[in-house]
Amino acid sequence: AEASNNKIALIPGGPHPYFAPWEQAAADAKKDFNIAAVDFKVPTEWKLNLQTELIESLLTQGYNGFGIFPGDAVGINTTIEELASNNAPALALAGCAQDPTKAAFCLGTDVYNSAYLGTKALIKAMGGKGKIVHLAGLLVDPNTKLRMDAVEKAVKETGGAVTLIQHITDTDAQEAADQKINALLGAQKDQIDGLIATAYIPSVVAAKSLRNLGDKRIKLVGIDDDKIVLDAIKDGFAAGTMAQNPYGQGYIGAYVLDLLASGICKVRADAPFIKTPQTARFIDSGTLLISTDNIGSYKDDLKKITNDIRSSIKSKYLDCK
Amino acid sequence: MRVTIDSIGKSFPGVVALGGVSFEVHPGEIHALMGENGAGKSTLIKIVTGVYRPDRGRLLIDGAAANFASPRDAIAAGISAVHQERNLIPRFSVGENIMIENLPIRRGLVDYGEAHAQARRFLDMIDPSIDTRAEVRRLSVAQMQIVEIAKALSLEAGLLLLDEPTASITDHEAQALFAVLRRLRSEGKAIVFVSHKLEEVIALCDRVTVLRDGKVAAAGELIAAMSRSRIVSAMIGREERVAEIGPRTFARGTPALEVRGLATSLGHKDVSFTLRQGEILGLYGLVGSGRTELARALIGDARILAGEIRLKGAPISIADVSDAVRRHRIGYISEDRKNEGLILAHPIRANIAITIWPRLASRLGLLTRRLEERAATPLARKLDIRTPSLEQQVGKLSGGNQQKVSIAKWLAASVDVLIIDEPTVGIDIRTKTAIHELIAEITRAGVSVMLISSDMPEMITLADRILVMRDFALVGEIENERRYEPMSRRIMGFIHAGLEAGESQQEASHG
Amino acid sequence: MSLASDIELRSGRRAWLSEQSGAIGLAGIVIIFWIVFASWAPGFVSPFNLFAISRTLAIDIVIGFSTMVVLATGGMNLAIGAIGVCSVMLAGYLMQKLGVPYPLALTVALLLGALLGWANGVAIVRSGVNSFIITLASASLYTGGMLILSKAVIYNALPPAIAAFGRMRFGFVSPLLIVALAIGAALVVLFRFTALGREILAAGANARAAQLSGVPVSRAIIVAHTLSGLLAAAAGLMLLSRLGAAMPSIGEDWLLPSFLAPVLGGALLSGGSISVVGAMIGALLVTTIRSGLLIMQVGNFWLLLFLGMMLLLAVLLDRYRTVYAERRSLGRRA
Amino acid sequence: MLAVAIAIGFVILSLLSPAFLTEYNLYVMLRSFCVVLVVAFAQMLTLAVGQLNLAIGALGGLVAIAVGGMMEKLGFPISAAVGLGLLIGLGGGLANGLLTVRTGINGFIITLATASVFTGINLGVTESIPFYNLPGPFVAFGVGRFFAVPYLLIPPVLAALLLALFLARTAPGRYLLAVGGNAHAAELSGIPRDRIIVLAHALSGLLAAIGAILAEAQLGSAQPTIGADWLVMSFAAPIIGGAALTGGHISVAATALAVVLVVLIQNGMVLAKVDPYWVQFLLGALILAAVGLNRLRAVRVEAA
């Protein structure tokens, strides 16, 4: 590709291991697409105002393309709008901004679908019946509501064979998660047949707790590929986990932002976006269930998905000169 | 221990507290340090005890230069002090407070039995009635002062500095203290004694140093060779006879405050009296007899269990203190100026004006500094408050000047009934008269005053009638004839009648 | 140096200056930081960055005020974030679901803030329990109530005027900053020139002495908490206008910043002493350091480290200045 | 007292849910009690001298990743890593204390700033990626138990006993409370005020480090986020336990009871399957109820 003098920033919502692959993705994208700068910039804390301050400051410093994980799906929109009015395109990466938004599109995991598929996988692992508990993230995060709905939908489809005992929320902090999940297992481990975790931390904590209990009866489907969860899958303490594609999000995001910022391309009005409850312009960055079958190869699978999306994205979604 | 103070100087922003002071304290003497409020006495004591460092000058202990960086150093050098302000740990027991410099340790742990036993020994020198296991915050002001004295004695130091130790205790405990001090003198200890009570200074001390505006006005003169009036004129700087308050003419007016059969949650039983308009009604009693607590009940700060309070003939109920002050116009000057009288961090101006804020505010509801200043200045002048400016934080004034502020603010408030608790504690003789005059003046303007004081001469000078309280009950009422001897004998008669009864009871229970 | 006629001369301007010396000194330090950042961080003084700073600053100031008014009483209010979000969600609900015109909706939301603050105050005074515990519990109670009622939905179809206000620019300042300054002016009047404000301070400095002077201490505490609630609601609504949406996550992270500005500005945690101007400059100091460091590209994960060190540096400078000033004034007079 | 509220809660929960009194649930509750307890003690010590320590969580996070890093990356033996971790905590607390005392700046501001410094180092070093490969025995300690008693409970209980003894019966402990009760009076009594304040901060840092290491053992990994949510709880427990923010008045036992109370409430809400939207609300209401009960009793006692 031609050299471009764009400066692209990839900005997560705050420090979190999920985003670690973005750093490599940024470096790879800079090299592969010959972009002047692709930088991974992390807000110091997981707070919307720190994220918006960081973005504003990067704009001041001449960055002109922004891949953002919205610290808040709605709250980020005023900032994205401001970017747009300064001719700096923005993409929502990993998570979406809520419509109406000026983000060009959202490239991320379809949280609703992922939670739905995860629950389906769990139900399958349980043999189609039993009682489950949903471990979710921050209640004030709108995605949590989506995930709760998705879990309920999957449960309802079993026609009563599976029942949902309860949603446990606000388990995003290590210690809160440890306390709540252990309290749950302490009290009702005999009544529970399955756990579906739809946030990073509770997945890790649940995997650990089941291992401590030595309980292989209770099935767990988590999210993300934290080492503890992967080990739990290997050793039979978890049935699977829903992998997301953070590297692909960062890599493809930087690629598209470069094209948009250069003014070469525009987003096609009639592109075949997926419609989700959050946005009408969604591209699935790919999600897959990691289980014992593919635990050795899932990284390659994700790489393949990434390359597929990358090579088709220009023709499918963009309108280029 | 011989202490030489050599041209010591100390300044605070806006004030030269000490401007080159020199004198010497010898072993085996009680050395009086006198001076008007703000003369620099406490500052000097704080320098000797390492609380402040002098700007200039030297301090010599037995001829060797001493350079104290902290009170710790001074204590280590064998110096102990009772400071003017109470300095106790409120949640610690009396015994632990007394022994805190020197807690007995056994096998690495504090030995409380031993601590209380030792504390008992020092406390007994002054007042055996205080329990060493009681928490200090539950004590009365006077009891705290006694604990403070016992604490200073416990160090058995070579130099003992006492800054107005008798300010809020009665004669009874003061005499016990003097006996201890005389014994220490005979053991060769050096003692510095600060007091505004000339009589006790003359009776107790050997020599006197007088400070005036931070300078020495008389250095180490023999008391025996000084007359009362020479000490006074050295203090105030001119030949001036301190005016005695003139005879009071008090026309028996209508009742302002009537109390009938009052019983309180604090333990008062069947208290009844009448305070007439324009009258000064004295309330005398020993420390802990319940005078302060009665005042508390009258201003809505304690639960009233039975009885009736009438104001100008109409029965009233008092919801809380601000109700008493703002609706019923009953004011109370606390004996505890630091905790209850003043807002130490706020300027003099605001402290004086606080009682009249709502009234001061202009029509727009705005309250300017100027308005406050206009109200406060005349009072500050009348009471001769020594300060660089009315903006000075009250906490930075000398003890006596703080007391003046706490009085001034109530003279500003236009209340109908004013309860005054120990008004002239720590006040110099000249200002004391001024305060007496002011109290008389407000009564002439129609304010009715209830005066609580442990200072018998003050009581006999000021009060029109005197109530005597003992064990939370009124035991006597005397028309004041303003002659000291017979009056004090009659008052003590009421108190002793009870004391003897109490003692014989105690003996009975022992026996 | 007894009380002489020069009292009148000494007070007035001199007194004002000495009282404001803390704020003035802090302002000096802020200016130093501005000079440093302006010359080392390209873009720091660009119109866009100034605008961004002014907008962040405005909200931080009002959040700081909300805590400051209870610090004046010697208490704390841990519920300001909860009150803020309740007000915001109510405003969002009124405008989006009920179609209430925005001036009315915003007023009602402000009143809700005041009401919740008032409830805190009453609970503290009536129970005699520490404000820390009461507001800790009520924060949970208010947030919980909001979640139960709103089910954590977001209102983002608000009248366009709301978001437009947040985006508006006067030169390179946001009108939000003007709102914050106006609130500051009102607070100056309250604490300096009204009996009510002075009573709050007196109650904070020494509740017992104030009470014995006839100050209705309970009322002062209730008023301060009501005001705190009102200010928390105001901050929330300013954020609403900035974000253009009412969301249940507002206010979660207000707690520490809300203390930082007033305490930097010289407020005592023990009560009775605050500085409105100081709090504003304190907020400015923090915003300046944060923005400056971001623009100087101080590396990513290490940013917090530098932020902490800059903050230490600033307070040390301030401390040194105070000590130095005291020495000088002594030297002159002695 | 608080104990009454706890007893009531205990009875209600055991009636409500048969699972409550199972050995495993008791173990779970005791386990979640450990870290909070030590953290509350850490704050309690600074409260004792009338100061606040906002850096407890940040220091804890730093110690956690330092210990994790030393064990995983540098291959230090457990004892060395833990020892050094405790030293870091002590050092951090010492720094807080010295800065507060030497500069005369409010401890609130100092610890707010140092909190930022500690977290900054933490994030700078880890880039927020946890250390996972902690040595087996260390992790085993975190999950081990003797019937319902987790091994993890041993350090906090020891800490509580030692602290109670320290505060009640040793000279430095008494000085600590004396300085908090009336700093000026303490100074006049020859107590080295500054040194005592530094001591309080240093011990606070040490306890924060213990809390961090316990949390690490409990979670089985060194998370950079350890400590992030300690702040409010660290104050809440001592203050619900009756500590005065102005200093000089704290209680080890009451603080521990307050922690039990809060843990009980949280555990109870999971057991009772409380609807997520009601969790926050009930938490607030129950804390208020417990405190109200406590207050009512206090008033009764005073009136009597």
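For clarity, chains are labelled A, B, C and D in written order, and residue numbers in each chain start from 1.
Rule of thumb we're sticking to: a residue touches a chain if its C-beta (ideal position, glycine included) is under 8 Å from a C-beta of that chain, and two chains touch if they have at least 3 such contacts.
This one's a predicted model, so the numbers in the text were calculated from it and none came from an experiment.
Participant: How short can a path of touching chains from chain C to chain D be, counted in steps?
Facilitator: The fewest touching-chain steps linking chain C to chain D number 1.
Participant: In terms of CA centroid distance, which chain is the most far removed from chain A?
Facilitator: B
Participant: CA centre of chain A versus CA centre of chain B: separation in Å?
Facilitator: 72
Participant: As a quick test, compute the distance in whole Å between the mean CA positions of chain A and chain C.
Facilitator: The answer is 36 Å.
Participant: Distance between chain A and chain D based on Cα centroids, please, to the nearest Å.
Facilitator: 34
Participant: How many angstrom between the C-alpha centroids of chain C and chain B?
Facilitator: 42
Participant: Would you pick out the residues of chain D that each touch at least 2 other chains?
Facilitator: Answer for chain D, listing residues that touch two or more other chains: 119-120, 123, 127-128, 277, 279.
Participant: Touching at least two other chains at once: which residues of chain A meet that condition?
Facilitator: 15, 42, 44, 139
Participant: In chain C, which residues are in touch with two or more of the other chains?
Facilitator: Those would be 147, 151-152, 301, 303-304, 307.
Participant: Every pair of chains that touch: which are they?
Facilitator: Chain-chain contacts present: A-C, A-D, B-C, B-D, C-D.
Participant: For a test of understanding, state which residues of chain C touch chain A in their complex under the given definition.
Facilitator: Chain C reaches chain A through residues 42-44, 46, 48-49, 52, 56, 59, 147, 151-154, 156, 163, 166-167, 242-245, 247-249, 252-253, 290-291, 294-295, 297, 300-301, 303-304, 307.
Participant: Which part of chain B faces chain C closely enough to touch in the complex?
Facilitator: Counting only chain B, the residues touching chain C are 9, 11-16, 55, 213, 299, 301, 320-322, 324-326, 331-332, 334, 339-346, 349-350, 354-355, 357-358, 360-361, 365-369, 373, 377, 380-381, 384-391, 409, 413.
Participant: Which of the residues in chain D come into contact with chain C in the complex?
Facilitator: Checking each residue of chain D against chain C gives 52, 54, 99, 103-106, 108-110, 112-121, 123-124, 126-128, 231-232, 235-236, 239-240, 245-246, 277-285, 287-288, 291-292, 295, 299.
Participant: Can you check the complex and tell me which residues of chain B touch chain D?
Facilitator: 49, 51, 70-72, 75-76, 81, 83, 87-92, 96, 100-101, 103, 105, 108-110, 151, 265
Participant: Could you please specify the touching residues of chain D with respect to chain A in the complex?
Facilitator: Within the complex, chain D touches chain A at residues 17, 19-20, 22, 24-29, 31-32, 35, 119-120, 123, 127-130, 132, 143, 215, 218-221, 223-226, 228-229, 263, 266-267, 270-271, 273, 276-277, 279.
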